[in-house]
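In structure tokens below, several structures.
In the two assemblies presented below, chain A is common to both, partnered first by chain B and then by chain C.
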Partner chain A sequence: MRRLRAMIVKEIWAVLRDPKSRIVLVLPPLLQLFIFAFATTLDVRNAEVAVLDRSGGAHAVELIQRIEGSPNVAHVRRLGSEAALAEAIDGQTALAALVIPEGFDRDVAAGRPATAGVVLDGRRSNAAQILAGYLQQIAVGYGAELKPQALAAAGASQVTNWYNPDLDYIWFTLPSLIAIIVSVAGLAITSQTVARERELGTFDQLMVSPLRVHEILLGKVVPPLLVGTLNGTIYMIAARLVFGVPFTGSLFLFYPALFVYMLALIGVGMLVSAASQTQQQAFLGSFLATTPLILLSGYASPIDNMPGWLQVVTYADPARYFLVIVQGLFLKAMPASAVFGQLWPLALIACVTLTAAAWLFRARME
Partner chain B sequence: MAEPVARAEAILKRFGADAPALDGVSLSVAPGEVTGLVGPDGAGKTTLIRILAGLMSPQAGTVAVLGRPPGDARDSIGYMPQRFGLYEDLTVLENLNLYGELRGLPASERAAAFRRLLEFTDLSRFEARLAGKLSGGMKQKLGLACALVRTPKLLLLDEPGVGVDPISRRELWAMVGDLKAEGIGVLWSTAYLDEAEKCDTVYLLNQGKLLFEGAPGALTARVADRVVSISGFGERRRRFLTEALDSPAILDGTIQGRSVRLLLRPDARFDPPPNARAEPAAPRFEDGFVEMLGGGPKGTSRLAERYRTIPESDAPMIEARGLTRRFGDFTAAKDMHFQVPRGRIFGLLGPNGAGKSTTFKMLCGLLTPTSGTGAVAGHDLRTAAAGARASLGYMAQKFSLYGDLSVRQNLDFFAGAYDLSRAEAARAIEAAVEVLDLEHQLGRNAGSLPLGFKQRLALACAVLHEPPVLFLDEPTSGVDPVMRREFWTHINGLVEKGVTVLVTTHFMDEAEYCDEVTLIYRAVQIATGTPDALKAKAGALAGAEDPTMEDAFIALIEEHDREAGTQREAA
Partner chain C sequence: MSARDAAFDPRRLAALIRKEGRQIVRDPSTFLIAFVLPLILLFLFGYAVSLDTSRTRIALVVEDGSASALGLAAAYRNSPYFEVTTVRAMAPVRALMVDGRARGIVVIPEGFGEGVERGRPPPIQIITDGSQPNTAGFVANYAEGVRQSWALAEGLGPAAAAADPPIALSPRFWFNPGLRSRYFLVPGSIAIVMTMIGTLLTALVVAREWERGTMEAMMATPISMAEFIASKVIPYFLLALASMGLCTAIAVYVFGVPFRGSILALLAIASAFLMPALGLGLFISASTKNQFVASQIALLTAFLPTFLLSGFIFEISSMPLPIRLITYAVPARYLIPSLQTVFLAGDYWGLILPNIATMVGFGFLFFFLSFRATRRSLD
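And then the complex of A and B:
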């Protein structure tokens, strides 16, 4: 126990006193909090819309005003010609342009279906599609007011969003962010530990001491575990207090899940570290591991949209399971049984990565 | 005297807020001479050479090469940095071609120039070999050849002798002698003080300051008649050295095989003990350096005084029985056999890559032997590796403590790693701190300590648990002679307490401290015995009188090569 204690204390000091490690502790979490929370908006806000109104009637004006009133639209610019429209889209001064044909008011007045065209900037396809959805909603809404029975006849549905009633993207981003931030910090710190000792020449010094391999490895597991738990906790608190995301599940499920997830990650980090001769290699290695870890987790794009073979690969990604757990615990009070359903594959992955890391560490000792 | 090819005057160079790397250093390199730039690691040698090569500019002072700024005289400078930029995936000839191209050697002249250089460096046989596959000595020679593709007027060599076996080192010196005859001004930097004696003029640097300039003989002359060699007390020589160094009459002393070499203070008298023989010895450059640094440390090691006495035992404390290690089809160490009894220093001597580190690593458990067994303090390395590790203290060649941790945290960690109880740890750390003068350094990062304190801390960490066996891997390469003395004072004291020491070295001076050495060359032990016995054998082989350890080394290797050659012919 004395040896293990000495090892753990040393590892914690090594992380706290190395200026490089300190940066890894502080900078990525802060940067990511800001970047992910504010920059990677999944909503479209402040969109610029252009209008080419050829009808000029009251209904056209009303429609334009409703668009102007939408919280998602910043300005509506009125255009005089097709050439101006082409220029607005081409110069990216407008994301979408609404073309109201000459017969629009006439058709509305006559009770015939009236059509307005929308030109979207396909270079920004995601945002454009979302904006098109908003425009569609406004147009349909206006149509429904004018002629309620027509809507009923078309069989439109009434949508309710469970768990995130306002579809606030932050409710989705922040819980996921806990998984991401814990991954980045855990991998970055762990991947450096063995490689740093190799590079500084202290590795031999460790190996000739009576420290056993399991003591060395355990000692190296503790600091990233602490850092990960701390980062996770800070983010959880920030999500509730700063961003108002409700945490509806149980903390007694959250922390064990975080612990198992960290172990799986640390196994991966240790694998990278044991394989690397220098810190440079370890850094590249951890980057190599982080990218697929996040991309295959379902955070950036839904797993269901991936090709079949890639969906199989995602089963090996620990972030996949943890993402489901944190989102579930935050938004829908995920019950223990459901958490365990995600937890056992995570535990299995942790066993595999940690065992592999210990094996590689032994194999690369000489 | 001819116009110097390079001149530096009152150079000041400072990096950041540290003490200046060069503090008012002046130097001139004469044509047709070897000028030595001598000093321990961190003295400022490399900085000065880089300034002369025009790669750096000083904050104050003037530099001129052939009367011009170094940047304008590049075509006349040959520069060989410490780790020469050879391209390991290119052959010897391709490397030469590349440097020929880089230095603008006309294509028509290349064939002749390369032939001359390959002949000169004796590399003609290897011109198609990849540079990465050359031995350390051959790489160094190829580096020299590349620096010479356009015959320079000034040749700057930054520690060309480091890590090179004595034979290659001697060949390098012979080559430099030829260049000198061509009128080239050579600047040779080195941390080996014995190399200083081969130079025509020496500049001795220490911590950025110039301590001495002039012919090496001028420095040794200051200590002439004050060096004596005392012999005839057999096993008690360590005890005798300790007492002698504590005497006010003695400035410095070292062990030379079975005898003790002492440097007396001016006008001091020293009476050798009864039945010991005292005879005058030739002064060395190192004696002069030590005197300039104010003499060596006292003889009694307080670290050793407080150390426990290792119980008497007839069993060998370190044992190698046929240790062999292969990497693929390359045999790094073959059939190593030796035994070290309690309270002895055993040296593994040999050039880089010969297999001494491999043997050393097998014995301290860092490498698993392919075959054979070893034991440390009675613990078999295969069956009781943990016990073996607990009974040895280890000091690596380069500083290998945790640089980001404070001195105190390092000590705490090693106390814990070696399983000391809280009380034991507190006592051991307190003792080490007091004895090694570390109080004021406790809160400092270990990595920022001056070299001398780093060495002390490394020793303190290695012996906190008072192990019966110490493993030292080239413990004092590159440190100044006073630090080296201090280190060996502690080691000698510990050995008197019964500690057994295994040391690897290619530093001939360290070999002299050993009770027994084994010479490892091309993965096999070619000779084993006391330093004196090896020297005597070499003296007989080479017909030399009073050979140095280095002479012995060379003679034994040549003898081995000769025998191997005859065997090959016979087969």
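And then the complex of A and C:
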């Protein structure tokens, strides 16, 4: 027990001793918090729109003004010709170009269904699609005001958004970021530990010391656990206090889940570390592990969109389960039973990765 | 030193480049980053990251037993956009929503059939999972769409024409009419690959030379500063182009991304981007001289900006103003639109040339900085 404590103290010092790496542990996560939180939105705001108005009537002008007033649109630029339209789209000075045909106002005035065209830049098909949806809403909304009785007769539907009534994108981003930042910290720190000792030659000293393998391993687990928990806590507090994301679940569920998730990650990091000869290989290895971990978790895009065989692969990704738990604990007041439903696969993955790491470690020592 | 700076001997340079080339070939991590990593990235962006929503799982609560209600329920089950679980009551549905097994609920209320017969159908309820805002928007739009087409087919309302909204827009998506996100994600991931090789790998390799002291040994030989920098840059430049070529071939032949521009334009764009990428890599290594710190700084100043602030996935115009201003200093911001254009639209020089010029400008800036950092650290 005393040996183990000495080992843990040594490992914590090894991480904190160097002033440069101390800064690297704290500063990037904070920078990332703000860049990620503000930059990573898939919503479309301030889009540039162009208009080619061939009708020139009052209804066309009203429609254009409504589009101009939308928070999703920054400017509406008037175009003079078809060629100018092609140039605006090709040169990406506009994401969308509205084409209002000559007969548009006559049709609207006569109560006939009127249609305007929109040309969108398919090179940015995702943003273009979202913007097309917003423009459509504006047009249909204007039409409904002109003819209120026509639509009501066909019935309607009432839309309610649970957990996030205004569909605020940041309520999705920030809880997910906890999962991401913890993984980056957990993998990067763990993968460096053994590789650095090997490069510096101190690994041999550890081996001839009276420490047992499991004691060395436990010592290596503690620093990334501490850093990950600290970063996760900072992010959680920032999400609530700075960004106003509600935390509706229980902290008594959050921390055990974070702990198990960290163990699963540390197992992966140890595997990388035990397999690499140099720090450079360890760094590249942890990068290779982090990328699929994040992209297959459901954060970058929903798992439902992936092909079936790849959806099966995502069951091996620890981030997948933790993402459901943090989103649930923040927004959905996730009950303990639902958390456990995600936690046991996570615990299973942790057992597998930690056991494999210990095995590889031992094999390498002999 | 300054007298020798002017000297530029092609034979000496060739010998240096040969030495660097051997080092690259010998080091397994170089191979890993130049050829294995691009494959993994392309694979993930080709298959795993898809922004094209398909078959979202929803729960359908049918509280009414009438023929109309069952007809509408069948319309949801037959929709290509949804995978439907039908239930009788709301209680079990909450659990599905909490752990994400359902992304939305459609409730057909009691008395729906009676209402249809009286010509005034009560509104159906669409509940979405707001924790995933984009999916929520999709569920709301498409669930309402299914209901509308069902109402139209049933001839509800005073006249069938009433189901047509008075004003509608008909969108046309140029360059990518099928709206496949893969078409812009796969070319975009080439930017990430080139950043990894140009900045991250260069920073790591050169930082290791500083760390081990082999840099000083090099400097003791009669080579000039210009030769030295060229010998570091040229091999990685060629390596990055080779990797870019591999990525392009995979993008076109495996993922079926159209390539409408010319190879010449692609080469010009890639070469222009590699200037700031390599320059930044050299600058980081010369100013940190430590592998771990160099790798973290390269991640922070090159990889993350290329990923997040270049318009690759996230629209720059949607970001708040301070971050929009930062993006102007990210070289990849000029690369991404050029790449997407040369792949999907063709050689539209009006967009490509200004971007190339800006990237070359950043290239000169970073090379100047690394030139200074290298010289200072030798004194």
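Operating definition for what follows: the second predicted complex is superposed on the first by the 353 of 366 C-alpha atoms of A that agree within 3 Å, B and C clash if a C-alpha of one lies under 4 Å from a C-alpha of the other, contacts with A are read in each partner's own complex, and residues count from 1 in each chain.
Keep in mind that, in the parts below, contacts are C-beta pairs under 8 Å (C-beta built on N, C-alpha and C of every residue); 3 or more make two chains touch, one makes a residue touch a chain.
None of the values given here were measured: they were computed from a predicted structure.
Q: Determine, under the contact definition given at the top, whether A:R2 touches first (chain B), second (chain C), both, or neither.
A: First partner only, chain B.
Q: Based on the superposed arrangement, let me know which partner A:K10 touches: chain B (first), chain C (second), both, or neither?
A: First partner only, chain B.
Q: For chain A, which side has the bigger count of touched residues, chain B or chain C?
A: Counted on chain A, the partner with more touching residues turns out to be C.
Q: So in the superposed three-chain picture, is A:A195 touching just chain B, just chain C, both, or none of them (first/second/both/neither)?
A: The answer is neither, since A:A195 touches no partner chain.
Q: Using the superposition on chain A described above, determine whether A:M207 touches chain B (first), chain C (second), both, or neither.
A: After superposing on A, A:M207 lies in contact with chain B but is clear of chain C.
Q: If you lay the two complexes on top of each other, which residues of chain A touch chain B in one and chain C in the other?
A: Looking at chain A, the two contact sets are disjoint.
Q: Using the touch definition up top, name the residues of chain C that touch chain A in the complex.
A: 28-29, 32-33, 36-37, 40-41, 44-45, 47-57, 95, 97-100, 103, 116, 119-137, 140-141, 143-144, 147-148, 151-152, 156-158, 161-177, 179-181, 183-184, 204, 208, 290-293, 295-296, 299-300, 304, 308-309, 311, 313-315, 317-320, 323, 337, 340-341, 344-345, 348, 350-351
Q: Tell me, which parts of chain A touch chain B in their complex?
A: 2-3, 5-7, 9-10, 13-14, 17-19, 200-202, 204-212, 365-366
Q: State the interface residues of chain B toward chain A in the complex, per the touch definition above.
A: 361, 364-368, 386, 389-390, 392, 394, 396, 398-406, 409, 412-421, 445, 471
Q: In their shared complex, at which residues does chain A touch chain C?
A: Within the complex, chain A touches chain C at residues 20-21, 24, 28, 31-32, 35-36, 38-48, 59, 63, 74, 87, 89-92, 95, 98, 108, 111, 113-130, 132-133, 135-136, 139-140, 142-144, 146-147, 150-151, 153-165, 167-169, 171-172, 192, 278-281, 283-284, 287-288, 291-292, 295-296, 300-302, 304-307, 310, 324, 327-328, 330-332, 334-335, 338, 341-342.
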